[in-house]
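You will see subunit A twice below: alongside subunit B first, and alongside subunit C after that.
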Partner chain A sequence: MRIKNSLVLIIMLVLLSGCMGVQTKVLDEINMVSAVSYDSDKDLGKRGFKATAVTPYYLPDKTVKTVSFSANSNLSKETRDKTNLQSDKPIFSGKLKVAIFSKEMAKQHLFPLTDTFLRDPSIGGSLILAVADKNASDIITTKPEGIENEDVGSYLAKEINHNIKAGLLPKTNLHVFTYAYYAEGADTFLPVVDLKMGKPYVKGIALFNEDKYVYQTKGIESILFKMLLEHTSKLGYAAKLDGDLVSIHNIRSKRSYTIKKPMTSEPITIHLKVIAFLREYSNPHPSKNFTKKIEKQLEQDIEKKGEKLIKKLQDLDIDSLGIGDQVRTRTRNWDKKAWEKMYHTIPIRVKANVKIEESGVIE
Partner chain B sequence: MKKSFNKRGNSSLDNVSDAITQLEKSKDFTRLLIPSEHHTGLCVSYFNTLIDIEILRRDILPYINKTSNTLEGVIHDLPLESMIFTDTPSEVQDHLLIGYISIMLADLNHKAVLIKAASKENKEFALPEVEYSIVGPKEALVESLDTNLHLIRKRLPIPELTIEELSVGSLSKTRVAILSIEGITNKENVQTTKQRIMDIHFNQIIDISYIAQMIGDNKLTPFPLYVDTERPDRLAASLAEGKVVVVAEGSPHGLIGPSTLIEQFSAFDDYFLNWVIASFFRFLRFFGALLSILITPLYVAILTYHYELIPKDLINTLVISRSEVPFPPILEALILELVIELLREAGARLPTKVGQTIGIVGGIVIGTASVEAGLTSNVLLIIVALSALASFTSPVFQLGSAIRLIRFPFILMASYIGLIGVAISFFFLLVHLLRLKSLGRPFIEPLFPLRLSDWKDALVRLPFSFQAKRPVEVQSENLMRFDEKMASDKNPVKEE
Partner chain C sequence: MVNKSERIPPYFVFFLVVKVQTGTGVLGFQRLIMHSAGNDAWIAVIFGGIVCLLPIWCMFNILHSHEKDLIGVHKQIFGKYIGGILSMIWIIFWLMLSIAAYMTYAEIIGTWLFPQINILPLSIVFAIVIYYAVSGGFRIIAGLCFLGVILTSFLILTIYFPIGYAQFHNLLPIWHHSIKEMAIGTKDMSLSYLGFSTMLMYYPFIDPFKKAKKWAYMGNLTTMLFYSLIMVLTIGYFTEAQIERYIWPTLNFWSSVKIPFVERFEYVGITMLMFSIVPIICLTIWAAIQGTGRLFNVKSKKITFLYLIILIAFSLSLNSREEVNSLLNFLGNAGLYLYLVYIPALYFITLIMSKRTKKGRDFHEN
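Here is the complex of A and B:
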């Protein structure tokens, strides 16, 4: 009886699992897309685009060749069917690392394009989204010079992730983007990449109004943006103080909010606690207490530039720093509409506290 | 329950005859009555597994047939130099248990003469080959039941060690001994074992492994339900722990029950090494078993269905190594697994010296050649070799074989529906293990039923000072192994 029961169970298992529709995807018999790009194509109407996908081909001498497929369409998944027509093996997107949109595309609504990434269960939340300064497909089809055993997709993902860890980029990926998009009182941002000497490089941060590109940070703004947005470590900051160039490194910064009376015109203060190493100081004869002086001056510099950046964001009516989100957490009956009305009028102060932990060894 | 074991054992003895009667429960205890014309005769008693029977025949029996009717007379008659004349019951017992012969008058039972006749056959014993350990004793059981009993009794010279003998096999009439310690071993366990062995109806019992298969609680399982060991020290330690031991004539192995899956992973070396090192090694063995079962199925499942799971730096290596292979991962894996099994089987059939050559031929020639010919990928070669290696870490041979067998359904399910298949197979394995019993006791105790007190000697082996209680698994009649307080209060030598 027991044997009969288990036999029935095994037969059921075999027969019913036929209904699961599992598809074999043997590793070396598929093309794994590592990066996609979207460039607008006005011939196909307002939302028409040209999608380009690159897949790595692994050669026996351990080098990687990148092959690209492109198709023009209005719908992201439709382009996959079209690219399949060009490919020798079925194309799968489970190893997608990077998706790059041209600025043209980003100026329209971006979210409908990212929707397909969210729906596809084989694509993870760590997918990197980025905006291309010029042409998006150029970035993923240009193989970085001297990089033989890596494909463009993972190179780009590594580059951006490395700049999140130890560079000017705040944490960004599909998950962060989607969170900011749906959050009340926060706007999204994405890194901007461009090509320079045949290699991709991080140019700045693209700020969005909801999911529409509005502004790109320039120079020091990106660093200030990161410091005002999240806790940072290993950041660098340079400033000109009284004609002397100062550069601090290995910055560990913490930001906190003081919101005395939320949802009123009472000023909101963002505190920045910065601990850093002094690495460069162009004054050859510094006074005895020069670190104290530099600290003071740096504080003023950060406060001035930070407030300027925030003012700029307020003027553009975008809340990329998520200040609204901070207010929301401190308000019992949060009214999104009311906040949006008052956002650009609220005075927002930056209060910096710089501490130079080490000023280097000079004989 | 908690009082010390040894004291309880001897306190009830009033006179020498009681001491003898207590020992008579064991089947290897012999009591000879030598009648005499003039008086009531003499009573000679001894453990036939402990003494050298030649001494008795050559040096004792010929002389005590004379007419002396007192023990003093016997002493006078015997041409031996060292004899103990005593009336202390415990002294008689203790000496009998280490290989003395006692002689007393058949009616006056207060005094006995003890003659040393311990067997000196120690150096004939074989070296353990299956369970060789670098530290610790190097004695193994042999094919003679009496010698094996001697080896065990030598390690447990207590009157409570009882040996029951049965005869099974209608043609072979194999002598089977069931060993237990009175007052420690659960009687139910002893009875179950005895009952099951008595219920065996088979013509020939060649080896103890026949019995292991016949008295098993589940005859369909590939897992060994009893520990099969060739080490007398392990048998003695298991007896002391409260387990039942079965040894049979003609078999150089003994069975230990009830056993648990976790016990099968503990090599006896674990107790010879420092507990930290032993725990690490034991962990390594669990890891090895899991690795051995899962690594090839995972390879097959991931390469066939779940390319997303492969780290991007590994894809390069995997794709290149697979690019020449014409088969799907499942065929590739099955071919290689089969090759390894063939090698193992061939190695087992061949004499030791030739077997080594087979290992080299198999490992180097077939392995590298098949990779170069493009029949298998070199990543899989590493994986299969690793899993075979890991399966050989299991200290009980039968368990290693079981692990190697259950890998195949895993591989097939992995190629059928991927990781879900591996999960389903694992679920089946778990249900099977949950249902297993050894002598009616749960097989995967202390994991289930969860008995935290038994974890002291499960996944890790804690120091001996933590091992005051016997495992709950064996349901011992005396839970305490030693007095915990005495052990912890013990003062090391104080320096002034």
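Here is the complex of A and C:
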């Protein structure tokens, strides 16, 4: 019996280890791509592009060197075959964290390019997609200055994820992008990154019409966009009120919709409930009830700027805030075509309710 | 009757039912149901679970009044030959269920984990494990099902990660699909609940059987709750147009899992699912083996070999997704008729016959 059992064990071991035909992927013997970029290449026709992939090389002194490969093609996976020709080891995408597209690429349809990311089981939904303000390959081939022990891909991914948690970026990754692309009443958006002093930085939010880039938010618009899109917990907001500068922090905001008669031209109201800490106020002699006054003024400021942003989106005919989705779930006679026709005519109001919970240690 | 040392307590029926219902179906059942029932799919899931209570109820009554397993019931009602043919249908059905469970799992391994995998050695390893479990008798299989439920139950915690991305307003407006669409959704859901018919074979192994009924209901309702939880999350996490493109939406939940020490949770999850798949294959193939053994009075060892070879042969011959899908569709439809037409019909025949014999007996007694 013992012989029989051990025989079975040996058979299983041999079968499991040897005959499965599974390709081994020893970390030292492969190149793990951490970031890719796509720049358009008009020589290859309308959809031609230059793909650049960077892989970290870990050096003995604990520093990381980034090596880049690039190839021109029409298909993303084809470029991998071409980059393999330049690489000393097989290239794998299991650790891919960031994919950056140049604005020119984004102006054409972007979604077909993401097909390979969705199809490849080794790439997860948390892959970060971003748009480069200028040249996409520059961002991933420039090693962040002063950062020795991290490669560009994970630095960028960490930077963007940190700005999602405590910054102006709304939740964004491959899954969110795909979701918004397929949603009936919403358009997609991606973060915009650029280089500043040798480091990547988050410049704003690129808004798309379906999957075509149309607009980039500037300054305060990004913060308002995030507040109008989702619940936030750690935003900062600054405004000029009656000549005094005010900055509030740790904003916890909640937004909710009031849609009285969906699918009609009745106005839609977006309520913003904002609770924040006052952190800076440039008036050295504030009056007694100055927080109340600031609350009122901030409300007006947020309402005015928010409505302006929404008007802008309506004029561009993009629904990045997913207002259509809100309408869709509130009505039983949803009609996508009719909604798209009426979207830019519906008056959309913003109602803010600001509460300053704390104003620091001085009065 | 079965030897006392081989019997199991009635609460094990709970694990046997839950395990056989939650296999690879959990990974990809959403797409088919949302195709017809859209954001009301969770209602279809609940309907499917409630509808399945009927065949369970019928099954218990059939088994109660005959106090035999299905092979014995068939023989008693339809005689040796017709009953034998009917039994063969069920045996083939159980065998196909085990093949389908293995095929879907092998497909997932081939797509997500090891694209270049050679399926034959994997099938042989699986076959050895299954042979080991099946030859150990029914108690081993019941134990495997218990372990399968316990060990994989922690995977439910991973829904914490996708919840952050879910838009639950997608559930609204509730019930805006027609009755027909909901009925199709409910029908499509039935495949996921199949498998509990193996109860027809392990009936004599439960002691005392009378108490098993409530555990079977509870098992079915637990499965229903589990499926509806996953479904609600799916509706929030994906849009309807998006889900059409994903083959295993539940695995895509896992791709959003972020744990510091595991980069990709799918690899852990799919490996854990082995604990979920092996008991299902064992239980269904055991039902087929037991049925054949009882029908033809053959040694179960030989049948086990035969069926495992059939399993391996199928795994080698079916290799495209369309073929696996058509097998699953066929099984879904076959299961629908077997559960919702055949079993109630058998129940009515039993009812009529028992009334008749009772009448006859009364008549004679008078």
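The rule we apply is simple: the second predicted complex is superposed on the first by the 341 of 363 C-alpha atoms of A that agree within 3 Å, B and C clash if a C-alpha of one lies under 4 Å from a C-alpha of the other, contacts with A are read in each partner's own complex, and residues count from 1 in each chain.
Here is the rule we use: a contact is a pair of C-beta atoms (placed from the backbone, for glycine too) under 8 Å apart; a residue touches a chain by one contact, two chains touch by 3 or more.
The structure displayed is predicted, hence computed values, not measured ones.
Engineer: Identify the partner contact of A:Gly94: answer first if only subunit B is touched, second if only subunit C is, both if each is, neither if none is.
Structural biologist: After superposing on A, A:Gly94 lies in contact with both subunit B and subunit C.
Engineer: What's your read, subunit B or subunit C touching more residues of subunit A?
Structural biologist: Counted on subunit A, the partner with more touching residues turns out to be C.
Engineer: For A:Leu85, decide between first (touching subunit B), second (touching subunit C), both and neither.
Structural biologist: After superposition on chain A, A:Leu85 lies in contact with neither partner.
Engineer: Which of the two partners, first being subunit B and second being subunit C, lies in contact with A:Val361: first, second, both, or neither?
Structural biologist: The answer is neither, since A:Val361 touches no partner chain.
Engineer: Pick one for A:Lys25: touches subunit B only (first), subunit C only (second), both, or neither.
Structural biologist: The answer is first: A:Lys25 touches subunit B but not subunit C.
Engineer: Quick check on the superposed pair: does A:Ile11 touch subunit B, subunit C, both, or neither? Answer first, second, both or neither.
Structural biologist: In the superposition, A:Ile11 contacts subunit C only.
Engineer: By the touch definition at the top of the document, which applies to A:Asn149: first (subunit B), second (subunit C), both, or neither?
Structural biologist: first
Engineer: Which holds for A:Met197: it touches subunit B only (first), subunit C only (second), both, or neither?
Structural biologist: neither
Engineer: Of all the subunit A residues, which ones make contact with subunit B and with subunit C?
Structural biologist: After superposing on chain A, subunit A residues 20, 22-23, 94-95, 122, 124 contact both subunit B and subunit C.
Engineer: Mind listing the subunit C positions that touch subunit A in their complex?
Structural biologist: Touching subunit A from subunit C are residues 111-112, 114, 116-118, 120-122, 124-125, 128, 132, 164-165, 167, 169-173, 176, 237-242, 245, 252, 255-256, 258, 263-264, 266.
Engineer: Write out the stretch or stretches of subunit B touching subunit A in their complex.
Structural biologist: The contact residues of subunit B facing subunit A are 302-308, 310, 312, 315-316, 318-320, 322-323, 325, 328-329, 416-418, 420, 424.
Engineer: Which residues, counting only subunit A, touch subunit C once they are in their complex?
Structural biologist: 8, 11-12, 15-16, 19-23, 94-95, 118, 121-122, 124-126, 171, 175-176, 178-179, 181-184, 325-326, 329-332
Engineer: Can you name the residues of subunit A that touch subunit B in the complex?
Structural biologist: Going by the criterion above, the answer is residues 13-14, 17, 20, 22-28, 30, 32, 58-60, 62, 64, 92, 94-95, 97, 122, 124, 149, 154.
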